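Consider the two complexes below, in which chain A is the common component and chain B and chain C are the respective partners.
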Partner chain A sequence: MYYLGVDVGSVSTDIVLLDKSLNVVEELYLKTKGRPIQVIQESFKILKSKYDDKQITASGVTGSGRNIASFLIGADAVKNEITAHAVAALNIDKEVSTIIEIGGQDSKIIILRDGIVIDFAMNTVCAAGTGSFLDRQAERLEIPIEEFGDYALRAKSTVRIAGRCAVFAESDMIHKQQLGYKQEDIIKGLCEALVRNYLNNVAKGKEIIQKVFFQGGVAANKGMKAAFENALGFEVCVPAHYNMMGAIGAAILASEAVKKDEGTKFRGFNIAQSNIIASSFECDGCPNRCEVIKLEENGIIIGCFGDRCGKHSGKIAV
Partner chain B sequence: MKITFPHLGNVYFAAKALFDELGIEYVVPPLSNKEALEIGTLYSPEEICLPFKIMIGNYIKSIENGADTIIITGSCGPCRFGEYCELQMNILKKLNKNVDFIVMDVPSDIGIKEIFNRVGKISSNSSKSKKEKIKALVKALKIINMIDEIEADAHYIAGYEKNSGDSKRLLNKCKRDAINSKSADEMINILSEYKRKINFIEIDKERKPLKIAIIGEIYTIIEPFSNLYIEDKLMDYGVSSKRTLSPSWWVKNTALSPLKINSLDIKKASKRYLSLCIGGHARECVGEAVIAKNEGFDGAIQIFPMGCMPEIVSKAILPTVSKDLNIPIMSLIVDEMTGEAGYITRIEAFIDLLERRRKSVLFRS
Partner chain C sequence: MMKIGIPRGLLYYNYQTFIDSFFYELGCEIIYSENTNKTILDNGVKYCVDEACLPIKVFHGHVYSLREKSDMIFIPRIMRLYKNEFICPKFCGLPEMVKNSIPNLPPVIQDTLYADSKTVLKKWAFSIGEKITNDRRKIENAFSISLKKHKDSKKGIRDKNYKINVALSGHPYNIYDNFLNMNVIKKLNRLNVGVITEEKLNEEYINRQVLNLYKKPFWTFARNTYGFTTYLAENSLVDGIIYISSFACGIDSVVIELIKDRIGNFPFLILKIDEHTGEAGFDTRIEAFVDMIERRKGIEDNISASW
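== the complex of A and B ==
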C-alpha cells in the first residue's frame, strides 16, 4: 500500500512513495533536463525493481509538467504546485503560516491561516532569484551547487549585488569579481540580493508570520536560509524533505482522491519499457493556430493536449 | 480605400456589419495569434506594452491582404495608449507601408470639427445616403451590444450548466455563424436567435459555482489571445465569470463621459481608494474589485500587460481592497510568453484557494 507522488518541475523531477500513514518510504530526485518523459521512465525503471504495480493504490502529479505526466502514468490527482506544497507542509505541521517556496523557474509565497491557504503569489514575468539562476552562477564560478551555500556562510562581509534582474545581477557579480572582491562575499551578496528581491517582489504586501517553512530545491542552499532569517529576524524552518514537498503533496492529494473514486488510474511501472514519443504540430483549423502535443505509446495515441477548442484532446467544447 | 482595424474582442463583428452596410471595402485581420505577436515584436519598440505589439501584427497581416487605411481610437489621457497612433504611423512609414491612419477621438480632445472631418474621410467612401449611413451605425452599435451580452451570459452561465461545455459550445458556434453573415440584418437575426438559445441551456439553479470578476487593463482583458484565453479556461473549470469592461461598455462610457455621468457606480465604489482618473482604467479596476465584493463574487483576477502604468498603481492598491473587504484578488501580468503552464498553475491555485475558503474541497482533475 503506497501512494505515489510525482512532481515534474522545470529543473528536477521528484518522485516519492508514501506509506499508509503518509511517511516517506522512497524518494527519487532526478534532473529533468528538458526531457520529462524519459526522466519519468528512468525513475520507474528504478522503482520497478523494488515495488510491484499492485502496491500502488494512488498516484498524483504536480509541477509544470503535470499534464504530460498525468497521461503517462495515469494520475488520480493532477494538482497545481501551490496546493501540493501547502498540503505537504500542513501534513508536517498544522501551524505553518507562511511557505516560501523557491524552485527552478518559479518562486512562490503561500500564506496560510488555520490550515487554509488564504493567499499566494508567484513571481510574475521575471525569473530572477529562482533556482536555475543560482545553478547558472554556481556553474559559472565552477562551484558545485551543493556547496554554494557554504561559501556564503564563510563570508566575512557582504558585497552588494543588484538582484532585480538576473541578467543585471550577473553583470554586477562579474564587475565586482573583476574588482577583486572575494568569491565568498560575492556569493553572500547574491543570496541577500535574491532574498531582497523575493521579499520586495513576490512577497510584496504579504504578511510573513511564524511559522515559516522554506521549501523547494533552493532551500538546500544554507546561504539563502541564513539570508532569509537575517532579513526576517526570526527562524525559518526547512523541512526534512524540502525538495520533495510538491511530490509529497501530490501523493497526499491522490490518496484523498481515490477515497472518492473507485480504484487508482495508475498505469503501472511498465511504461518504463514503452516506446513513448511526444510530437507537436501546429493545428491549422482556425487562426488560433494552437501548438498541439501528441503523446504516443508504442504507436498508440494516449493523449493530446495544447489545443484550445478540444478538437484533438476531445475533452471539452468545440 | 480598403479599411482595416486592430482587433479588440468582439469589435470585428460590429465593424464587419458597419462596412458591409456602408458598402466600404474592408479587411478583417486574422484573429490575433502567435504570428501577429511575432510580427509585432519584430517591429515594435522593445519596451512598449503588449497591446501595441499585437496591434502592429494585426495591421501588417491586413496590409498583406490589401488594406490601405487603418482606423483606431486615440486617447489624450496619461497612459501610453495616447502615443500608439503616432508611434504606429511612424513604424509603418519606416517599413514603407503606404497606409492612412484615421484616429477617432473624443470631441473634448480634438474638437467637434475635427471629428466630423475624420468621420467624413470614412463615410465619403460610401455611396449610401445620410439616413442609410446613420442606420448602419445604429445597427453596428446594436450588434456590439448583442454579442457582448451573449458572451457575458455564456461566461456567467458556465458555472451553472448541467452539461459542462454547453455554453462554451454555443458561444463559439454563435461567433462562427455571425461572422459568416452577409449583411448586418442577417447578423442581427443570428445574434437574436443565439440570445434566445442561450436561455435554453440546461442549468442547475442549486449549484453555487465560484464567481470570479475579471478586472484590469481593458485591452488585455478583452482580447482573448493576449490573456491566454482566461475566460475560456474559467468556463472549462465551471466558474462563473464577469467582466465589466467590453467594447460596448467602452462605447457607452465614452459617449457619456462629456456629461460626466459615465460609470457612476464604478466611480463611487473606487472613491475610497482611488478617486482620480490616473489614466487607463485604473480607477475602473479598483472600483470593479469593490463592486465584485458587493455583488457576492468569490474573488477577482486582475490582468494587465507588463509595464502598464495605470494598472501598476491599481495593483498596489488592490491588496488594501482585498484586506479591507476580505476578497482574494490575484494579479496576472501578461507579456510575450505563450507557454501556459505557469499561467494555468496560478489560475488553478487561485480557484483552489477560493474553493477551500468556502470550506468545500472539490477535487477537479
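== the complex of A and C ==
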C-alpha cells in the first residue's frame, strides 16, 4: 500500500511513494523542461516496472503544474505548494517554526506556530534569487550546479554582489570577474546576495525563529545553507528529502483525502503508454479569448482547463 | 445624436451611475467600451507608455477601442475627490497621456475636476454640458438627477452566508475589473469565502482610523484602504485581508506597509497584478491563504484542513 505524491514544478518534477507510516520508499527527480506530461509519463514507466496500480491507495499533486497533472494521473488531492510543504515539514518535526523554500521560480517563507501555518509570503513577479537564476550563473561560470556550494564553502573572503535584481547581480558578477576576484569568493558573494535579497524581500517583516527548515531544490547548495546560517546566526536544518518535500506533502494530503472519499481516483501507471496530447486553443465564445488547454488521451478528451467561465473545464467530470 | 464614448476603466467603476445618467439626460448616445478583455489589454500595452501601471495601460486600450465609434470620448482630468487630498498623479495627466499616445482620437472631454464640493462639481458638469447643449435647464436637470442616482446607487460588495470572510481592498479599478484581477471574487466565493469591500464601511469609521497616523494621508485611496482594512482587522469583523495591488503602484507601496505595521500578524495577503494572464501563481496564493485561515479558525469539517 503506497501513497503517490507528484510535485510538478517549473524546473523539476518530483515523484514520491510513501508507505503506510509515511516513509519515503521511492523518489524520482526529473527535469520538467516545460513538458510536464511527458515527464510524468516517463516517470510512470519507471514506476510501472516495480509497482502495481493496485498498490497505490491514494495520489496527490501539487506545484504550478498541478492542474494538468491532476487530470493526467487522477488525483485525490490537488493542493497548493505552501500547504504541501508545510504538511511535509510538520510530518518530520512538529516543532518547525519557519520554512524557507526556494525552488526553480518561486521562493517562499512559511511561518508556523504550534503546528499551524500562521503566515506566508512568496516572491512577487520577479524570479531573482531563485533556482533558475543560480542555474544560469553556474552555466555561465561553467561550473556544474552540484558543485556550486562547494566552491562557496572554499572561499576565504567575500565579494559583495548586488542581489536585488538578477540582471544587476549578473552584471555585478561580470565586473568583479573582470577585476580579477577569485571565482570562489564571487560565488560565496552571490550566495550571500541571494540570502540578503530573500531576507529583505520575501521574508521582510517576518519573525524567523528556530527551528528553521530549508527546503526546495536550492537547499542542495551548501553555500546557500551556510549563508543563511551566517545571516540568521543559528542553525538551519535541511531535511533528508529537501527537494521532495512538495511531493511528500501531496502524498500525505492524498492519504487523508482518500479516507473520506471512497477509493482512489488514481488512473494507473498505464498512462505511460497512452498517447497523450495537450493542445491549446483560443476560445472565441466571448471577448475574454481565454487560452484553453485541452488534454486528450488516445483521442478522448480527459480534461480542459484555463477557461475563466467553466464552459470547457466544466464539461468533463474528473 | 452625439455619441459619447465612455472607457470602462479607472474611476468608471466608482462613478458609472452618474456618468451614465448625466449623458443620457443630456440626450447623448452612450457608447461603452467592452469589459476589459485580451484585445483591450493588448492594445493598451501597445499604445501606453511602458512605465505606467496596468490599470492605466488598460484604460488606453479602452479608449483605443472607442476611437472610431464615438464623436467625443470622456476622459476627465480628476484632481481631487475629497477635501485637502489628492489622488494618483497619473489621473492629473491622464488626458495628455492618452492623447499623445493614441493617434487619430476624436475630441476628448477632459474638463478638470476638483470634486470636493457640490458647487465645484456643478460647475464642472456645466462646462461639460455646454459642449453638448445650450439648454442650461437641461444641464441643471441632468446634474441633479444624476447626483441623486449616484447617491442612491448600491456600491460595494458584502457577501453573506459564508464561513470565512475577507476584506477585499485596493484601488477600485483593480477590485472591480474581473479581467485584471482574474476573477478573484468568483475564485474566493468558490472556495467558500465571502468578500466585503470598503464602500460598505461608513466613512466615519475610516476617517477615525487615520487619526492615529503621524500625518494625515495625502491620497484619498490610501485613506480609504488604510481605514477600511485596519478597522475591520482591529474589530475582528473579517478573517483576513486580501489587497489587490498593481505592480509598481506608488501609493500601494506606502499604504501596504502602513497597514502591515498596524495590524500585526492578522492574516494579510497581497496579490500583485500585472500583464501576466497565467493564473497558477495567483491561485496558489489564494488557496494557501484560505487554507491558512481555515487552520487558524480551526475549521475541521473540510478536507483541506484535515492535517
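The rule we apply is simple: the second predicted complex is superposed on the first by the 314 of 318 C-alpha atoms of A that agree within 3 Å, B and C clash if a C-alpha of one lies under 4 Å from a C-alpha of the other, contacts with A are read in each partner's own complex, and residues count from 1 in each chain.
Heads up, the rule we're going with is that a contact is a pair of C-beta atoms (placed from the backbone, for glycine too) under 8 Å apart; a residue touches a chain by one contact, two chains touch by 3 or more.
Everything numeric here is computed off the predicted structure, so don't read it as measured data.
Novice: Overlaying the two complexes on chain A, which is it for chain B and chain C: clash or fit?
Specialist: clash
Novice: Identify the partner contact of A:300: answer first if only chain B is touched, second if only chain C is, both if each is, neither if none is.
Specialist: Touch status of A:300: no partner.
Novice: Kindly classify A:252 by the partners it touches after superposition: chain B alone (first), chain C alone (second), both, or neither?
Specialist: second
Novice: Taking the superposition on A as described, I'd like to know which of chain B and chain C A:75 touches: first, second, both or neither.
Specialist: Only chain B is touched by A:75; chain C is not.
Novice: Can A:83 be said to touch chain B (first), chain C (second), both, or neither?
Specialist: After superposing on A, A:83 lies in contact with both chain B and chain C.
Novice: Contacts for A:119 in the overlay, against chain B (first) and chain C (second): which applies, first, second, both or neither?
Specialist: Touch partners of A:119: chain B and chain C.
Novice: Classify the contacts of A:289 with the two partner chains as first (chain B alone), second (chain C alone), both, or neither.
Specialist: After superposing on A, A:289 lies in contact with both chain B and chain C.
Novice: For A:240, decide between first (touching chain B), second (touching chain C), both and neither.
Specialist: neither
Novice: Looking at 169-177, 187-195 or 259-267, which bit of chain B clashes with chain C?
Specialist: 259-267
Novice: Go through chain A and flag every residue that touches chain B in one model and chain C in the other.
Specialist: Residues 64-65, 67, 77, 79-83, 106, 116-120, 122, 124-125, 205, 253, 256-257, 260, 286-289, 308 of chain A touch both chain B and chain C.
Novice: Residue numbers of chain B touching chain A in their complex, please.
Specialist: Touch residues, chain B against chain A: 30-31, 33-35, 164-166, 168-169, 172, 225, 229, 232, 235-236, 306, 316, 319, 322, 328, 330-333, 335, 337, 341-342, 344-346, 348-350, 352-353, 356-357, 359, 363, 365.
Novice: Would you pull the chain A residues touching chain C in the complex into a rising list?
Specialist: Interface residues on the chain A side: 64-65, 67, 77, 79-83, 87, 90, 106, 116-120, 122, 124-125, 205, 252-253, 256-257, 260, 286-289, 291, 306, 308.
Novice: Applying the document's contact rule, which stretches of chain A touch chain B when the two form their complex?
Specialist: 64-65, 67, 70, 75-83, 105-106, 116-122, 124-125, 205, 253, 256-257, 260, 286-289, 308-310, 316-318
Novice: In the complex, go through chain C and note every residue touching chain A.
Specialist: 34-35, 37-40, 179, 182-183, 247, 260, 265, 267, 272, 274, 276-277, 279-281, 283-285, 287-289, 291-292, 295-296, 303-304, 306-307
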